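The two complexes that follow have chain A in common; it is paired with chain B in the first and with chain C in the second.
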Partner chain A sequence: MSLLRARACLRVPAVPAFLVLILLAGCGKSPSATGSHPLRVWHWMTDREEAFDELAARYQQATSTPVRFELYAPSDVYAQKVRAAAQTEGLPEVYGILGELRDVGSFIQAGHVEPLEPYLSEGGGAWRAALFPKALAVNAFSRGNPYGVEPGAYGVPIDVMNIQIFYNKKLLAQLGVDPQTPPTTWEAFLQVAERAKAERLIGFVSGWAELWLLDCFAQNYAIHEMGMKRVEDTFAGKVPYTDPGWISVLRRFAELRDSGLLASGIVTMVNKQAEQLFANERAVFAFNGAWGVNVYRSMNPDLDYGIMMPPKTTSRPMVTWGGAGSSFFVNARSPRKAEAVAFLRWLTEEPQQRYLLETTQNIPANRAAASDLSPHLAAFADAMDATVHPRLFAVQEASPVIEAFDKGIQSILIGEATPEAVAQQVQEVKARETSRRAQLESAHGRP
Partner chain B sequence: MAAPRGRRVAPYAFILPALLLFTVFSIYPFYLLLQTSLLDWDGISPSPTFVGLRNYLEVLAQDRIFWTSFGQAGYVTLLALTLQNALALLLAIAVNRELRGGTIYRTIFFLPPILSEIVVGLIWFWIFDGNFGIFNEVLTAMGLGHFTRPWLADPQTALSAVAMIHMWKGFGWGFVMFLAGLQTIPDELYEAARVDGANAWYRFRHVTLPLLLPVCITVSILTILGTMQIFALIIATTQGGPAFHTEVPITRIFASMLGSGRFGYACAQGIVFGLILLVVSLIQLRFQRKTA
Partner chain C sequence: MTGDDGRLTLLAQRARRWLGYLGWHALCLPIALSCVFPLAWMASSSLKTQRTVFSDFRLIPASPQWSNYAEAWTRGHFGVYFFNSLGYTAAVVTCVVSLAALAAYAFSRFTFKGSGLLYRVILSTMLIPIPGAFVALYILLNQMGLIDQGGDTWLPRLGYVLPQINAGLPFGIFILKPFFDKIPKELEESAEVDGCGVLGVFWHIMLPLARPALGVIALLTSLSVWNEFLLAYLVFSRPGLMPLQRGLMAFQGTHLTQYALLSAGMVISILPIVVIYLLMQRNIIRGITAGALKG
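On to the complex of A and B.
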């Protein structure tokens, strides 16, 4: 009897003790990150999964170091996972950071990113010289940057891209426009609308529910019309959004709306839908990135299209949003960071970059591998000199202001706000954000 | 006479696992949420800044869009509370009668709730599409072509279209609960009412409704809590657009957290949102107790 009672007494606390053990088991250190454990690479690129796995196998064959690419998609989920892993110091050896330069700065300041400047400069800077400079610059910090980050490069691009306008040659010809000379001016571009409507075709599609794509289009015109300096001065708070230059940029969207060129419901159109409409030859123009070449090839291999820069509104040169496509960073806290750097160096060498080009149709970050591209990709590669990227500005705009600007453009497109009213609203958000930051800085003595 | 020590300890030992799990997965995260809401933190930086109640002041006094999103979620909730639940009740009453193929109806009515919100959103996104959507095609075929529009992209209709999709997806839950409630009402009560000469409306008004009231309140609470927290459907259909017309509190919290990288502010928004839902639920529970 006493033995039974003793067993019962033991059994009762054994249950919670077991649960505590289970809970605590997750709090321990991960198994040793050396030896035969694979180097882990986290990414979000669903279209490159097979190619990455093949490259991992090749790397192991060449160096006997196993590499495991781990896919986490969609990109929102990936971004959250990386943040959560950073907070728990559970980042893999190699990973990508999705977000703005401010986010990259935070990761660096928190000690999660290995500076790559010494590695890029090794051996007379051969690694650096092999890559497109603009793509490297997207993940580099200049001296005196507002994030207090040591100047230098921190990320390695594996491909480059920019965003331009795809046009369907057959549909353009059907509308009486020579597909060899697509519209290069704003007026000629808008004139296509009337003929498209008559032919019951959609003029222009893009995933403008995804605000960043809308923002790219707007920033192209802001820089084209106002110049880099004035845009940068706006971000720095020296030029208001109510400036005539910005109102002119916003007016372009009212003109687009009034022309009837835009697809119905473009403000809630995701890019996948826009890609389907263009691939199925329902739309004449699509504002899309270099990745579209691969997307359209898989959706409709017979699609006959060309690529053009956004049409000019002034005599100044046109620019296009672009730079590094996807980039990888090395975890500074990993004991295997040297191996991780070696793997990235190998991944960006010409043979591997050529393999990625062949399998995924993305423009390689390695310049030698990008020497003989298909005509479509070559059109994107040729425009690399005209690319701009928000990360290249010395000052970054605050996210709430960007959101107010992009949502304001949506308001113009649906006809509920004028460009002037939107400019005013954006300036109000800018003033509030500037004041909030100033209060924080003065209260806590931050620079 | 005191109970043996083992017997006194045993009850506590039995609740300890649940208490432990509750502490680790509910109380501690809530404590962290509260703590983070007092910080200016981007979610990464090792040195967050303590800002006291500044985040709360900003939510309460300056964030006009957050409160607009509240109103929009309230509009969808109001429609769900009335139209969705009325439909659920009507269908439950219809199916509760001796119908041929009742099981088939039950299955059909309960199908939408078990579908993923993202899948439902994508299906309706195509139906309501302004370029080649079926809904516009049907309207045109019926000679109502002048009503066609991009339903989810038009500021006049976007929120109502989202509400419609939400109600279509959600009415099955209410239907099942109402049906379960109806089946607990004894037939004798209806027979007695019938003997007393009560017509269908009187039987519904004086027998069904009073006995179904606790179920109605439970369904209402679940509808309010579920609808105010609508998120995946918005992401799959409008992403909060056009402009801010279909933004709801959760999309704003999400935007603050991942869009703006303001984790502390997002936590403050979350706490304000949670407190308001708590108050609404408490009012409803109090009402339930009173009516009981």
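On to the complex of A and C.
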């Protein structure tokens, strides 16, 4: 009996402990888990894994410095990982920062980002000159910025993008519109709706459940109709959202709704769903970014489409949201930051940028590599000079106000609110935010 | 009553029974189909091309692309991730089942000062999801040296497994304690008369009787660990340590999703869970129904 008891006593706790040890030890070392200390690069674009791995191999061959890309998706999980790592000084040598300019600013202020201005200016600024200036500017801080960050560039883009309107040439012809001359004015654009309805086609799709994409469309028209100065004055609190200019911008969405051009349920449509509809030739127009070229090629290689700027409502030039696609930053606390900068410089050189273009179909950040693009990508590259990006605004709008504005547009689209009512609501949020900010500033003794 | 009348009554009874069966099946069949259909669609999509996923809406594609499975396996590095996941799942399930059983037995049979409070405190930890404690967990694991920094591989693996054991224990204890409560004490007393000690009673009497509940815990824990990837991203940096879900992410980028390969990868990833379920089906159903009655 005592033998039975002793065996039972030993067996019960020993089983889990033994299994854990065996299983953990049994996992062993995988080939990629070994090797000398590589430069670590964190990013969220998991669909570029093969291209990044190939570039890492090429870099090691060229310089004997091993590089390891560690990719994490979805992007919100990546953002959490970066924030958690920053708090424990566990950031890798090179990484991307997701978020607004103030997030980048907080990383810089905390000493996690190496200023790249000196490196970009070296040798007469050859590195800087090789890149699209607007893409570089997205990760740069101007003098007197509200975040107290030293002016200069902090991040390096590896590709650039902007958002325009894709149109299906076959469907446009079916509607009696010459696909070589797509509608460039707002009125002509809305007129397509009537014909699309008659043909039982979806007029316009976009992932407007994703507020940022909706905001891009709205900001395009705000700057186009009101001018950059007036938009920035609104952000600075000098012009109210109840201004006729803003109400006119909001009315564009009511006109879109009333025309019947928009896909049903567009405010609950994520962009991947919108891309499927356009790729399957069910929608005439799609408001989408340059990445759409690769997405549509993958879904339907025979899709015949063109790209146009959003149609104008005034005689002023049209602008489009864009800038850097994805950017890398160097960890200022890393003892290997010089190696990290050298790697980024190599990554943005023409041969590597051409390789990324071939494999990912994104517009390279290197201007020389973007010199002979496919017609579709060239349409996006040509529009780079007309791009605007919130990070480049002289004044940044508060997040709650942007959210109220975008959600207000959604409520216009579903017929729940009028442009005037939305403008009033946004202005109320703006007033609250301005007052809150003033209180904070007075508490911190800042002007 | 004549023989003919008896036969007629019997026939009427059978007809009523069959009508009842038909009614139930007419009700259950659409529900079952609606549950199976997404899985069937996923399997169907796994045999299509990126293009035909959006154009060929037949359940059985015209030209099945069996090569998608090989491509998903190699491009998704499933060879590494699959066996990593097997190891992590086995480790977590083994620890959760054994430790939860021991703890639940203790809570059920031994009363000590503060045992009720301790039981409630442990249960209350079920309210804290791992993603909610992301940053705090990262800092804790980092201070313990369990975050992947490029050195040994077993420390980050331990860092991945321990929080999941911690997360699985309250649920296991919650399921098992009522089971042990309902087992008559006379059985233990008989075993003690036969010479069994506390652990002997637990091993020879209590555990076999709680097998249905253990099956439920094993399945649900397996499911949770097998599908986990948030914690893996937090703990691991090297792809070679990642679990299977990381492989699926290779086909699901921020912009570009390779639907056919993703579906093939998902079919591969659910197979072990389906096998576990089929193997333990009887215990699981008994466990869930018994748990429902006892809870």
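FYI, the second predicted complex is superposed on the first by the 410 of 447 C-alpha atoms of A that agree within 3 Å, B and C clash if a C-alpha of one lies under 4 Å from a C-alpha of the other, contacts with A are read in each partner's own complex, and residues count from 1 in each chain.
The definition used in the following text is that a contact is a pair of C-beta atoms (placed from the backbone, for glycine too) under 8 Å apart; a residue touches a chain by one contact, two chains touch by 3 or more.
Small disclaimer: the values here were computed from a predicted structure and weren't measured.
Q: For A:Ala198, decide between first (touching chain B), second (touching chain C), both and neither.
A: neither
Q: Now for A:Asp47: first (chain B), second (chain C), both, or neither, which partner does it touch?
A: Second partner only.
Q: According to the stated criteria, A:Ile266 is in contact with first (chain B), second (chain C), both, or neither; which is it?
A: First partner only, chain B.
Q: Considering only touches as defined above, state whether A:Glu210 meets chain B (first), chain C (second), both or neither.
A: After superposing on A, A:Glu210 lies in contact with chain B but is clear of chain C.
Q: With both complexes superposed on chain A, which partner does A:Arg83 reach: first (chain B), second (chain C), both or neither?
A: So A:Arg83 meets both chain B and chain C here.
Q: In the overlaid three-chain picture, which partner chain does A:Gly111 touch, first (chain B) or second (chain C), both, or neither?
A: first
Q: A:Tyr72 in the overlay: touching chain B, chain C, both, or neither? Say first, second, both or neither.
A: second
Q: Just which bits of chain A does chain B share with chain C as contact spots?
A: Touching chain B and chain C on chain A: residues 5, 8-9, 12-13, 15-16, 19-20, 23, 80, 83, 87.
Q: Once bound in the complex, which stretches of chain A touch chain C?
A: It is residues 1-2, 4-5, 8-9, 11-13, 15-16, 19-20, 23-33, 37-38, 40, 44-50, 68, 70-75, 77-78, 80-81, 83-85, 87-88, 90, 92, 272, 276, 279-280, 289, 291-292, 294-295, 298-301 of chain A that touch chain C.
Q: Using the touch definition up top, name the residues of chain C that touch chain A in the complex.
A: For this pair, the touching residues of chain C are 50-51, 54-55, 75, 80, 83-84, 87-88, 90-91, 94-95, 98-99, 102, 131, 134-135, 138-139, 142-143, 147, 149-150, 153-154, 157-158, 161, 194-197, 199-200, 202-204, 230, 233-234, 237-241, 249-258.
Q: Name, in rising order, each residue of chain B that touches chain A in their complex.
A: The touching residues are 6, 9-10, 13-14, 16-17, 20-21, 24, 40, 42-46, 49, 51, 54, 58, 62, 125, 129-132, 149-150, 152-155, 158, 237-239, 241-244, 255, 258-261.
Q: Would you mind writing out the residues of chain A in touch with chain B in their complex?
A: 5, 8-9, 12-13, 15-16, 19-20, 23, 76, 79-80, 83, 86-87, 99-100, 102-103, 106-107, 109-112, 202, 209-210, 263-270, 273, 277, 282, 398-400, 403, 407-408, 410-411, 413-414, 416-417, 432, 436, 439-440, 443-444, 446
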